[in-house]
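Take a look at these structures.
Presented sequentially are two complexes of chain A, the first with chain B as partner and the second with chain C.
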Partner chain A sequence: MVAEIGPSNIESAFLLEALKKGTRVDGRGIYDYRTLKISCGPTYGLAEVQLGQTWVLARVSCEVTRPFPDRPTEGIVLFNTELSNMAGFGLESSRSSTQEVAISRMVERVIKQSRAIDAEALCILAGEKVWTVRIDVHFLDHGGNLIDAASIAAIAALRHFRRPDVTIDGEEAIIHDVRERNPVPLSIHHTPICVTFGFFGAAGDMLVLDPTLLEEQVQVSSFTITLNSHREICALNKAGGIPLSPAQIQRCTQVALAKVDEVNEKIQLALKASTA
Partner chain B sequence: MADIKIVLPGDIIDTHRKEDTEQPESNAEDSASVIRLGPGLLQASEAVSAVTAGVLHSNSETNRWWVAGNKRRYVAAVGEPVVGVVVARHGEGYRVDIGSAHDALLPHLAFEGATKRNKPNLAVGTVVYGRVVVANSVMDPEIECYNSNTGKSEGYGELSEGFMFKCSLGLARRLIDTKAPVLAALGNGVPFEVAVGVNGRVWVNAENVETTILVANAIRNSEYLDAKQCRQMVKELLEKQ
Partner chain C sequence: MSRPDRREASQLRALNCSLGQLNRADGSTQFSAGNTSVVSGVYGPVEAKVYEEKLDRAVVEVKFRADIGAPTTKDKWVESAVRSTFEREILAHLHPRTLVQIVIQLREGDGSVDSAAINATTLALVDAGIPLKCMITAATCAVLFDDTTVVDPTQEEIDAARSTHTFAFASGSNDRGPLYVDSRGEFTMDEYSHCYDMCTLATERVLAFMRTAIEGKVTKEAKIGAA
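And then the complex of A and B:
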């Protein structure tokens, strides 16, 4: 199989020349997102996100399990990503791809460690039964910026998802079939959204929001900031690449704040429009 | 053909025509109606079935049938022009990525005017425009960057400036036809050069960066537009500039 190759010399040279003039090769401004389409349904917990050419599908499901022994009153959240050959050339199906692991860990951290989901609300009977919520993210097409698309898909799917209703009767828990009683939504505290920037040039002085695949291959540094609609920073991620100044980080944060509001609105519209 | 017939893989194709209803029987023995199957169709015992999704086409004079599908993974075929990127240099030639399952081989001497002493020196990452000379299921494909019959480059060779982008195979095939409406409309507006590879890669070069981006975007946008919409889209893009 062909290993992942870098961009050709004219693609990189052209991209950098265009950036010096403040334009991007697809005609966008440097702070423009690509067209973002979110759709939820037809079943609960299924969300599809298209960010330009990048296409991601997230699916949420749940089942009743025993809790971890050290956390008897908390439910379990499992996160899984699938990045295969279908998404693009040179991507292997084996799980050890460093790129896939990096993306998977980033989005998992955003969902779990920012406490977006109320894990205590997933408890049915302490020490015995809890809900395990499983989020599966499938990358259908790799057009660049998988992290942002995956985070939007995952949180939209979680907000769209409905779990079966439960009644506690003393020591017994009765899990109602979805046909008997309407399923209930998960308890989501807030909606974290990742916003990724790419940096170019020897000093990292040129930056773009929402890099495409070619821009990702040419960039010298990448920075992801995760914010929610309450203007709280949930996570910052900068792994390697050239150093960035505090002024650059602040500029990115300001831009990201505006973008997160727009994305949140789109998620709301998609949830309302869902046919589930 | 009055209507468009869309087929999916596995569909059995009825190759009888409406005009042949006077001879409704056995197409196998009747030598007057030998059917030639083009891309996307396979014969499984008596029946002809589609193996790709797409629009079924037929040519009544040559009795050729084929499926015009659209995908993004290229399978090399002899004689097709392709845009490739050099990924490695070997003793016998270069390894060029053309988007197929295996990289193609480009011999050192497969250029215009190349001799053992005078070989072009391409770096890894160079973009080349070549023609497929060997392509089958058992060997790696091979390309050449000149016309081996005439010895002239005829446009093939290294592409040194400009920009390259990827598109679907269907769009690339439509662009190869030089009367493609989007190219004609752009040509009326701005001067530019273009090299189209049927492997879904297009190289564009214009006077400056902005124009090159405009041409590239116009071509990418034209995928689902008909001729009139293409002209309208190009007109709007040129006015905005």
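And then the complex of A and C:
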């Protein structure tokens, strides 16, 4: 079908020239995020993130299911990313769609494997009934850096979500209707946030935070670092591209530490605004 | 009779929309009626896959994505409803051998989702500049167990309804009859006619709303163009 048209030589040359002088095409500083808008609600577990032109929607839902036999006391966390045609994926060649699969795998790994959600708190009756929490992430518009936007949306939605309250009476569990009893928030250990950098130049000596779509197309390598609010590293991802020096990775980590605090603050504000 | 949200029986929920929010799509709309909210994006006319292209007209493809879970038959139903409604009203012969792709993403479903999807798609097609024969507007009605009929029901009302009816009309030709009808449940002929009339009135209001939205966008663009 319609092949993705990369940037013209003039565009990429201009971008690189500007970067050498420390400016970006959209006027940002190299360590600046684009305008980040987070909105939660009105229903529990719905969060939307707009990062410049990138627009991601996350929806958390839950249902009662049987646990996996080998983990009878743990709830199940399902993660689903919709590479919706809305962001133009279906119209591109299959090559770029494998790239998009990599994005969704990355976000899934960050949320599920860093054990951000307390799975044992989702148990209702051991071996019988547990909550299955489902996270659906929909990409509505692609303006670059989907990973960061998706991780922010997923975390905001998880923190905003409330599940129905349960009381256990011996072998019987009563699930209370939302109108009957206040629903309860999920127990979340920590909130991993992805911060992505793009590298430019023959040796990857120029770097930018939060690359746009154009920058993503020109970059020679990218690096995603996932940190939580306790200043711990949850995941690192450098999928291919040119080799980078350890010093650069350390520099990225320092920058990301500051950025994660900013993002967490914004999520906090959005959550507060939705309950007010 | 009083509705949970204190609306009149024939009152729509607050309508809201913004056009052209998506950057990659050729046209798009975010449309909401109360808590029910959808985003519709249109790509087109673009190159069609060889095996699906039609020599004399554009192919219309609709994708509907629910907010929760994998695609279900219910979603497929909405897809086919939207496609069959719009297929004949898009002037497809003007763009032979191409594809018009409509992607609808449900942000939140609180009843009357199919009519919101149709309304959003009309606006997105207009935004994309796809030639249409007419504007298509839709509305949903529900007949409750106490025999009252309410327009634009919420999910709560639909769950407690005896029958629900969705009608889509082409603008300026209500005498031509509806383009799309979806009735579920048990109902009498009289109830059906009553719903038909109520939805006709409701779609006129939706159409007036769409007109204001499009006019607003056109004047804004004209100002930018003049500056």
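Convention: the second predicted complex is superposed on the first by the 265 of 276 C-alpha atoms of A that agree within 3 Å, B and C clash if a C-alpha of one lies under 4 Å from a C-alpha of the other, contacts with A are read in each partner's own complex, and residues count from 1 in each chain.
Definition applied: a residue touches a chain if its C-beta (ideal position, glycine included) is under 8 Å from a C-beta of that chain, and two chains touch if they have at least 3 such contacts.
Just so we're clear, the structure is a prediction, and the values are computed from it rather than from any experiment.
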For the overlay on chain A, clash or fit between chain B and chain C?
-> clash
What is the contact status of A:21 with respect to chain B (first) and chain C (second): first, second, both, or neither?
-> first
Does the superposition put A:142 against chain B (first), chain C (second), both, or neither?
-> second
Using the superposition on chain A described above, determine whether A:87 touches chain B (first), chain C (second), both, or neither.
-> second
For A:43, is the partner it touches chain B (first), chain C (second), both, or none of the two (neither)?
-> second
Should A:11 be classified as contacting the first partner (chain B), the second (chain C), both, or neither?
-> first
In the superposed arrangement, which partner chain does A:111 touch: chain B (first), chain C (second), both, or neither?
-> neither
Larger contact residue set on chain A - chain B or chain C = C
Do chain B and chain C touch any of the same residues on chain A, and if so, which?
-> 1-2
Chain A contact footprint on chain B (complex, rising order) | 85, 87, 97, 99, 101-103, 123, 125-127, 159-165, 203, 209-210, 212-214, 216-217
Please give the residue numbers of chain A that touch chain B in the complex, ascending.
-> 1-2, 5-12, 14, 17-18, 21, 23, 25-27, 89
Complex interface listing, chain C residues touching chain A | 21-25, 28, 35, 39, 41, 43, 46-47, 49, 63, 65, 67-70, 101, 103, 105, 107-108
In their shared complex, chain C is touched by residues of chain A numbered 1-2, 42-43, 46, 48, 53, 55, 57, 59, 61, 80, 82, 84-88, 90-91, 134, 136, 138, 140-143
